[in-house]
Amino acid sequence: MWFNTGRKMRVTVFGSSHGLGVGMTMEGIPPGTSIDLEEIKKALERRKPQSSDISTGRKEDDSFEILSGIKGNITDGSPITVFIRNKDIRSGDYGNLKFTPRPGHADYPAMVKYKEGYDERGGSFFSGRMTAPLVICGAICYELLKREGITIGSHIYSIEKIKDKAFDPVTLTKEQLSLLNREFFPLVDKGKEKEMKELIKSVKEDKDSLGGIIECGVTGLSPGLGSPRFMGLDSLIGAVMFSIPGVKGVEFGSGFRGTAFRGSRNNDQYRIKEGRVVALKNNAGGVLGGLSTGMPLLFRVAFKPVASIGREQKTVNLKTMKETVIRVEGRHDPCIVPRAASVVEAACAICLYDEMRYEGLL
Amino acid sequence: MWFNTGRKMRVTVFGSSHGLGVGMTMEGIPPGTSIDLEEIKKALERRKPQSSDISTGRKEDDSFEILSGIKGNITDGSPITVFIRNKDIRSGDYGNLKFTPRPGHADYPAMVKYKEGYDERGGSFFSGRMTAPLVICGAICYELLKREGITIGSHIYSIEKIKDKAFDPVTLTKEQLSLLNREFFPLVDKGKEKEMKELIKSVKEDKDSLGGIIECGVTGLSPGLGSPRFMGLDSLIGAVMFSIPGVKGVEFGSGFRGTAFRGSRNNDQYRIKEGRVVALKNNAGGVLGGLSTGMPLLFRVAFKPVASIGREQKTVNLKTMKETVIRVEGRHDPCIVPRAASVVEAACAICLYDEMRYEGLL
Amino acid sequence: MWFNTGRKMRVTVFGSSHGLGVGMTMEGIPPGTSIDLEEIKKALERRKPQSSDISTGRKEDDSFEILSGIKGNITDGSPITVFIRNKDIRSGDYGNLKFTPRPGHADYPAMVKYKEGYDERGGSFFSGRMTAPLVICGAICYELLKREGITIGSHIYSIEKIKDKAFDPVTLTKEQLSLLNREFFPLVDKGKEKEMKELIKSVKEDKDSLGGIIECGVTGLSPGLGSPRFMGLDSLIGAVMFSIPGVKGVEFGSGFRGTAFRGSRNNDQYRIKEGRVVALKNNAGGVLGGLSTGMPLLFRVAFKPVASIGREQKTVNLKTMKETVIRVEGRHDPCIVPRAASVVEAACAICLYDEMRYEGLL
Amino acid sequence: MWFNTGRKMRVTVFGSSHGLGVGMTMEGIPPGTSIDLEEIKKALERRKPQSSDISTGRKEDDSFEILSGIKGNITDGSPITVFIRNKDIRSGDYGNLKFTPRPGHADYPAMVKYKEGYDERGGSFFSGRMTAPLVICGAICYELLKREGITIGSHIYSIEKIKDKAFDPVTLTKEQLSLLNREFFPLVDKGKEKEMKELIKSVKEDKDSLGGIIECGVTGLSPGLGSPRFMGLDSLIGAVMFSIPGVKGVEFGSGFRGTAFRGSRNNDQYRIKEGRVVALKNNAGGVLGGLSTGMPLLFRVAFKPVASIGREQKTVNLKTMKETVIRVEGRHDPCIVPRAASVVEAACAICLYDEMRYEGLL
């Protein structure tokens, strides 16, 4: 359960949703680096469930303890280990899940694989709660990237069929991203917020759930960052995004839509602008051959609708091997897309930091 | 330029398009394993350029030499190293590329990063030719997976806007995949072949290029294969797919489209069928929480239109920093999607073999 | 600060001597494995300082908290994270060390490398205290090895010039090792205990310190365990042993002494005994070409005398760059060799468990 | 069969003694680096069998082909693959070895493990011939280290009981090492050459073999190079040394002998000399806590006597499970210690280069 490119960064996420807590151990941050713990708190705050009408009722204050690696606010060069104790656990809610996998959840393959080791309550270590330590790790990486002029931000590209305005792949700015990555409901077109929130509310009442797409952008990358082939920027980012619970698709630049373009349209031709090479378009999404092109890095991440819904669904009891029905009564978000923005940004920061460290650029 | 999950399989792809040749070193195949070299040849044959009206005119016989690891046709437990010498190289074709990056290609970031080390002729180690050793590696892995009842096959899901019939995510069979993975132009609906080939031909004449989507399916995986989080099946497959030249998107199951479904629709409910747990749908694409569900594994890979086109495109000369134009005169495929099927299958085989070996299942 | 063969086991040791505590995160233990926590406690007990006349006065109860990965006493398949909070810290003792490296300690290179990140008190993460989490990890691995009939044990081969009776490399038994690995002062010839302890006591009074050699043996390994070359059993064990504070040498079988033998004497000739192949001698120490021979695995680990001594020693103040003297007043063992036995055994268990898991034998 | 610290350098050694050839693939050398191929040739020359009266009669010209990664003499950033075809193979010599393991060789565990995959002729991939690609890899690394002022050299510390003069651990110079690392029979005290060579000659006539110790020194390392704990300089070097065929022991500084010193004697006290911190002794061998101290790095590597001897030895036939005798008739060195110097230096260079690259110092 580690992010380990076999290089600079080594991150192990541990713990589980209904155990003692969740945490992570990371290596690769040089000694003597100052870390602003407030930034970590802010990042965790964005990931937390929001107002109860559009989010889960579970309350976690997500206060973390730094067990190792940071003294005061300075890294000492040893692994950084951070732990968040679980507090608001209502295990009773999950009593009926012991042998009945929730449709759409990791329950079924996990029950087969881990047997008694799998804690059906809240999905054990498959829980979305595991993204809290990921956000901590990402916040640390992002702080260090920011000092190099790199900015990461994302917005809710869509919830169900309601679409935000897409990023402009050429003119996307650091300023735009910096504003977005502070927001709890990040949108390019703020006008969509009401409509989206109302949809979420109504779907919640309807005991159903929603999916959506996060679009993430990065500015400030010089051309040529990345390693070719299996360790390309897109491979790294792709791998980590698919490790976020609920992600079913990742695309860069024109992505799937671009498969219907011809080369003459999709290719980003080059120009000189103020003495620098620029592309007139950015269908590549800022990455070619696994290397950054110097244009904004742009990718979209597809989140399926949340699996846990209050409606009756057909399932089976794996012990009796009889068909049955289930209603997932736990406190769940009807739509995790708004909260996912912080997770996507964190995961992206880890990849970029690892690559820059690996290349000796940081 | 290695695939290295830090586990069983270690694959290094080496060489370049216009150097001495291309090859690979792989570790992780147990000693005493018989390898059918004919299967490797067949896989390479499928990857090769096809009839010249729809493909590049470059002729490579792709005959390979096994430098290490296989005696007769039995592995000896040491690393398997295979080398394919380049033959039909016309470097003259690329003379005008020295400092003028081809739009849509890795040229620009690679020239910035590798400077003189980058061989602009044919894209050096960013060339699609690097997928030949990948196909060899995949063919070896696939042979061993087949012996365990696992079948991998893919088809041309779309070329530009022409769509093949999609795989049925529930009823997809081993037989269907076994037929497809032998074909040079694999389609579920053979009726689309003529239309697609004519499109390719006309686009070739038009000095333009096409993209498309490969849909890949796998049957025979037991539920619970995979490692959670960063090493999930989808993370592994995602990472390797993005390392294939031209890939801009990867999605599993209902993927991007599924973000517009509600949970009640997207969730795959369970039933008992002939004493076994089955899902009635397969929107998950056979993977949940990084683990196989036992349903067919299903993913789609988006290939952008080929970057090299004979049309005039705007670019810059990186030495003079002046704007200029380029026409890519080399012999190129107008559409690599048909050939890509073999590469996608090979890359998938490497991931699955690695995971099964890692879990001690093989 | 990880043990990571890039394979099954991944161990990160974190924390520091004078910080919040020390701990470790390990991956690679299958879900559903029962772990006897009493065995961990016993192993920690052996590593702990002993009666104060021959050991440090520092009292650590070494009670650990399992933050992740074990529920009750069953592993759940997620990373196992264990934390030991530091208690008996007297930082005052180290006040004079801020810029004056202790001779023989990691202080000097660590102060140069980590600057302010380095906590001179107790050697930060270079402290011998970091072996406590290693012992926990080893105890878990050893439990699982024992179930496969593998026994690891060690004895105090020598303290200064007082030598215990060496292991018989051919007739060494499981029974002998099982007894030794429970003892706090493990010796083949118990008659040496008094002499050794008196030496330690007198050296302690003399404000000096002692080194010595641990000899470790393993029975129950089938022939052929190991990976050739860089991942051979001896390479793995060698690497981990040199990571134990104070270790300056490792040798297998006849080791350094064997360099003075001729091939005709050093080679272990083979015989058939009760239907099995046996070697008549075991100068190889049970490993040839990185692979186990089926004879007892035998190696010796050289511990230099403890660096911290109460005597005045010459050193420099790195801030003023002036020469000065130092007396290390902290509570230190005059000889860590007896306690080191448990650490050597633990480190050996981790290596063997990793290899067996990697080879799918466990 | 890779050296893979999970970091910058990735080296896979492939091939076998009696197959098509031996080779290696390495990653981690930056693009645009000039490599002096003559230096590689010189290093291989030193590793080669020498005058036939003291060495094996096998003639290998060891001419290598660079398959990938170097154009002209400049690296292109892709993996460097080098292949040496085997030429002078007399398989007939090994005919009687099919099921009869040679005592002291990896034969027995390798036959058990690899079964038919194991090529008993010359030891397959356990052969000393596998060190030829290691020497190539080391020569490349060493060239780049030399440019940073680092010098590696070694001498024959002992053959059987004949001892050369040991390195002075404090005053060892770059000049002394530079001279030694060009020599074919490197000695501090040239007066010992005749005696040693005569011993080798007489032992060869006697159909027996000799072992010995290589002492290796490194100058030019700044204090603080290395990673703590499992990736310390001594752990890295230890692991790689044990992967060299025939190595049974590794020690740093005062090593095994130092276990009989007291702390007051073994500790290296510090002084200021010409404005820099120096240690007055170097019992640490230049490494403390896994980090370089800035004093010369010093270690000794124990080589057992060569296993292949022409004398009759007892062994067993693994097929018939009957006892038998064997005389190893192949062409073998009676003492590989002189040739081993180049291998030890190469292996050391790989470790140091990897660490310096990892730390971004190179």
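For reference, chains read A, B, C and D in written order, and residue numbers begin at 1 within each chain.
Note that a residue touches a chain if its C-beta (ideal position, glycine included) is under 8 Å from a C-beta of that chain, and two chains touch if they have at least 3 such contacts.
Since the model is a prediction, treat every value here as computed from it, not as a measurement.
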Copies subunit D and subunit C - interface residue numbers shared by over half, same or different: same
Distance-maximising chain from subunit C - centres being C-alpha averages: B
Rounded Å distance, subunit C centre to subunit D centre (Cα mean): 26
Subunit A and subunit D: spacing of chain centres that average the CA atoms, whole Å: 47
Rounded Å distance between subunit B and subunit D, as computed from the means of their C-alpha atoms: 40
Sequence positions of subunit A contacting 2 or more other chains: 1-2, 4, 6, 13, 77-78, 113, 125, 228
Sites on subunit D touched by subunit B in the complex: 1-2, 4, 6, 10, 12-16, 19-23, 25, 27, 31-32, 65-69, 71, 74-81, 83, 113-119, 124-125
Residues of subunit A that touch subunit B when the two form their complex: 1-4, 6, 11, 13, 101, 103-110, 112-113, 123, 125-126, 130, 158, 160-161, 203, 208-213, 222-232, 234-236, 238-243, 245, 247-256, 258-272, 275, 277, 279-280, 283-285, 288-294, 300, 302-309, 311, 313-316, 318, 321-323
